[in-house]
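Following are the structures in question.
In the two assemblies presented below, chain A is common to both, partnered first by chain B and then by chain C.
So, the complex of A and B:
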């Protein structure tokens, strides 16, 4: 296992001049030994480029990749001692489940007894012990992908295991079981795991640290809780959560905060000028109109989402969403309401970056 | 437009794909066909469109029998899972094609194409070919073309399933606004309960070729007529617990008494249902406590779904916001008896939680 340090940038163009020429903008980050990480972002954000640079499939156009301090920028995947799991099963159909799981160990001339012990352990974890002697050919796509996961995890001495959207082919009902398995396995084996996905559930459930990316840029690396409570960038606020964070145009100056028609004393030290106020729908509270410090708005739509009410509000030409518990008072469509946008969960952004 | 399916069924060879059913979707509104893959949603839509003829029963449009009328003689717009566009035509010509077929004047076509492109945020791509667009943009083109047809019946078969969730969220909201603004009867198939709830309107729950329940979406969710509907219309799955009628309510097989108000004629064996959102970590007076251990906390971004192993079975609780739990940690879940569903031995609904109105 290894600690991985990246200090690099990548462009598929020969002479990158502007930000948009980069698949990965200059970045510096560390993946700690034994951590569970997810790279999360929409398609085209650079997450697969980053994974390929770590695995050695791609050499960055500038900078270095270090494993435990050692320069590995130009090392092959074999030299880096990396295991990989892809979107689709990569296994040998003619071999049994046990032979498939043993293959990466056999290749490395691991003693037979150790192989047997390790294959048994991994099969147990993935609940495939009863299938060890079956041929892979007859198994379902889910089962085959489980073997792929097992092959990725079977070697105890790897620097890291890289996963590229590994649950794509898995039936939705089985997904949560495999997520649980991966989490348990990480707990028990303490391998460094790096997981690429565009799916927030997958990333937030799997990883201790989630790296959120957009347009070739890492905008935040943090715990699921931090991404929800204190998004470092407006993109994170928007991308994490459904619906995402509400963002309201605001102005700060002279110790006051102005949002549309509302002026209140600044609740915290804020930089002067144009800001965006961020508040999640879960934290946006409705009160009667005219209440002190409440932003005046009107109710456009009230949806019964079963487990909660989703209220769409018009506020000073902007749209906000509030999520109300089924026990809360339900406002009428068209009603004037007051919105409590300031509280301990409120975030402030300047040039898309969190400032307060 | 009033579409009526009367006593239809569909058999293919020895297999029954749709069992005898009747359905009259509310005109001018959205009807969601909700069910897992293989439930029969697409088969039903093909009958509605006139792509297939039912083995029995009839399809009526405003009272006229159109059962044998082929799709090209009906006025139906369709959108599929796959992004289907004319690959050699520009986005503009793709959207314009149904209008040209309709023989509309050029100026009107131009106005309509630009209007629809603006509504679906693809106006800057009008001169491009579909292959030059992202998946989300391609599906917007297919939607714009379907809307251009201005058909009184619009069928959408899981139109957003192949898009990233953020795009899906955005486009679903726009579609809702477009449906609300138009007067077409819209049929929208999905496998996702949450999507049905976000679309609102009416929902027809399907399972294994059967139509189980049809009604206003929120009403079907809150009062599923049977265990099968409750299972089909819940994500995460409703927590189900075996119980028996007892003095003062229902007793779980592990001994806890849950004070549900059961009707007199209730069968002895019951199934109790608890929605994940009804389980809480903080107790309130009158709650039943269900102690257990954390199996996994799944975090969706707005909610945390905690899977807990308890003496009465595996339970899933939905908590608002992001909460981290250690695997194996002790956790007690609490539920109010007023939030519990009860189904009889045949799976019919006996009791549903009271709702605030």
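So, the complex of A and C:
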């Protein structure tokens, strides 16, 4: 168990000159002991690089990794006492399930009785108790991945358990089950868990704190709620949510806000100049056209998604999306509507960063 | 359409005819000629006598054949025992990437490109006490080495020659097997704190099983049919020390022109190889199966 402090940058190239040469741009962050974290971002954003740096499979090209304040930058995975689960199941073909689970403990010369007890415990958690004596090679992919997870969790004294997209190969219905299992294990064992994924549902349901990354940069670290309500960066706004946040070009000046043809008094103190206004489709309300403070637009498309209507709207050449509850009146395609874009949930961005 | 009223079309036979003709000329007809010889006593081209199984009985009772068979089995076993582990060690120590990997691959496979009779000649000179590096060197070390005079030396030299010639094949196969192991396995092993030996025992060896099976079969069959190199190097001597099965067969067929017994023996030889390969293959298949099985053990 340990707190992990990162203050580093990494480039796979020998002499990085510009930002795009870095897999990880200089960053500084802390993972608290016992937390459940998710690193979320699209492919190639540097999340796996960050994970491998934490586990010790990779040495950062500059900066330090600290475990409980102790410099571990060049320490091996064994010295860091870290566990890691990979994207594809890694099992030892010639061993049984029990031997697979016991392997990390055996290598560390843990007494036989402790091993047996610990393996039994983990197998029970993963619901594999009845398969302990089976050969691991004959199992299905998701059971193999359960073994990999089990090997990650079997050591009671690990600094942290790192997961690198561990549920990619798992069937959707089992994914749900395993994720819940992980969450439950986190509550029971109080281990630090760090989970890499590109799936926002996975990240938001698993973690207490989600780290959103893009192009080698951490753009926001926060609770799932904060990421949804107050995205610190336009990337977080449109990456998280289904569909993502609507972003509208706007101009602020002299206490007024201009959005296309509409001019309204600024709802909050706003910096002067070009801004982007962000509003979640969930909070975008439709009203009668021509209503005070409403943005005029027209309905382009209405899709029935089952639990809600997804309405696509044209507003002065820009496209907005709105989520309407199925009980609401279904707007007609082509109809002129008014859009209530200003409210407590509206965010303002300047140079992609949240300003108000 | 059900299976019962499937149309009968004998034209399909024409489609396999080309293959059948090829196989007939390359395998079936020559083999039948041998069968033909093995049951006849050919005194001269005009006078042939049908002798039934007489040649087979005679060959089976032949002391020289027993010696050659025993020699052969010992040799093939030694080849496998030396070349397989050595090939694995070689493959493990070969670099994985970069120009070094390509360079090593070329150097390692050099000996495979040399024709058999040249290999024999190379070692014939290499082992000579007067001008050969190995022969002279061993003499200088005080070992009275002579592959022409000492039976043990001759046998060991033939073995060494085969090891030199063919271990690279095993190494290349093992190397291919090693390269196909995903990186995640090594990373997981590091995380699990596995020792180098554990990585070999639990990751590399199981993942190489398939290619090693092929290596064992290839090396076994090839060494069981070894002819050219010992023929060039020792000619089967001294005495019968390096007379292996094919050598014995050639002496019978070409040297003494005993076509009947030679043909009978050819068939027996063929059956021995077939049988041993069948046993070996099934044994290794079974080994793989039990490894894959999910059940208790």
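Here are some notes:
Keep in mind that, in the parts below, the second predicted complex is superposed on the first by the 356 of 356 C-alpha atoms of A that agree within 3 Å, B and C clash if a C-alpha of one lies under 4 Å from a C-alpha of the other, contacts with A are read in each partner's own complex, and residues count from 1 in each chain.
The rule we apply is simple: contacts are C-beta pairs under 8 Å (C-beta built on N, C-alpha and C of every residue); 3 or more make two chains touch, one makes a residue touch a chain.
Keep in mind the model is a prediction, meaning the values are calculated, not measured.
After superposition on chain A, the partners chain B and chain C are accommodated together without colliding. In the overlay built on the shared chain, the residue A:57 is in contact with chain C alone; chain B does not reach it.
Number of chain A residues touched is higher for B, counting chain B against chain C. Once chain A of one complex is fitted onto chain A of the other, the partner contacts of A:187 are limited to chain B, with no touch recorded for chain C. Legend: residue contacts after superposition of the two complexes on their common chain; A:305 is shown touching chain B, with no touch to chain C. By the touch criterion defined above, A:199 lies against chain B but remains apart from chain C after alignment on the C-alpha atoms of chain A. Seen from the CA centre of chain A, the centres of chain B and chain C span an angle of about 80°, rounded to a multiple of 10.
Of the two partner chains, chain B is the only one touched by A:323; chain C is not. Looking at the shared chain after the overlay, A:239 reaches chain B, while chain C stays out of its contact range. Of all C-alpha pairs spanning chain B and chain C in the superposed arrangement, the closest lie 8 Å apart. Residues of chain A that lie in the contact sets of both chain B and chain C are absent, per the superposition on chain A.
On the chain A side of its complex with chain B, the touching residues are 42-43, 176, 179-180, 183-184, 187, 198-201, 204-205, 223-225, 227-229, 238-244, 280-282, 303-308, 310, 323, 325-327, 330. Residues 182, 184-185, 187-188, 190-195, 198, 202-203, 206-207, 291-297 of chain C touch chain A in their complex.
On chain B, the positions that touch chain A within their shared complex are 134, 164-167, 169, 193-194, 197-198, 200, 217-218, 221-222, 275-277, 295-302, 307, 318, 320-324, 327, 355-356.
Against chain C, in their complex, chain A makes its touches with residues 55, 57, 76-78, 82-84, 86-88, 90, 92-95, 103-104, 107-108, 133-135, 137-139, 148, 151-152.
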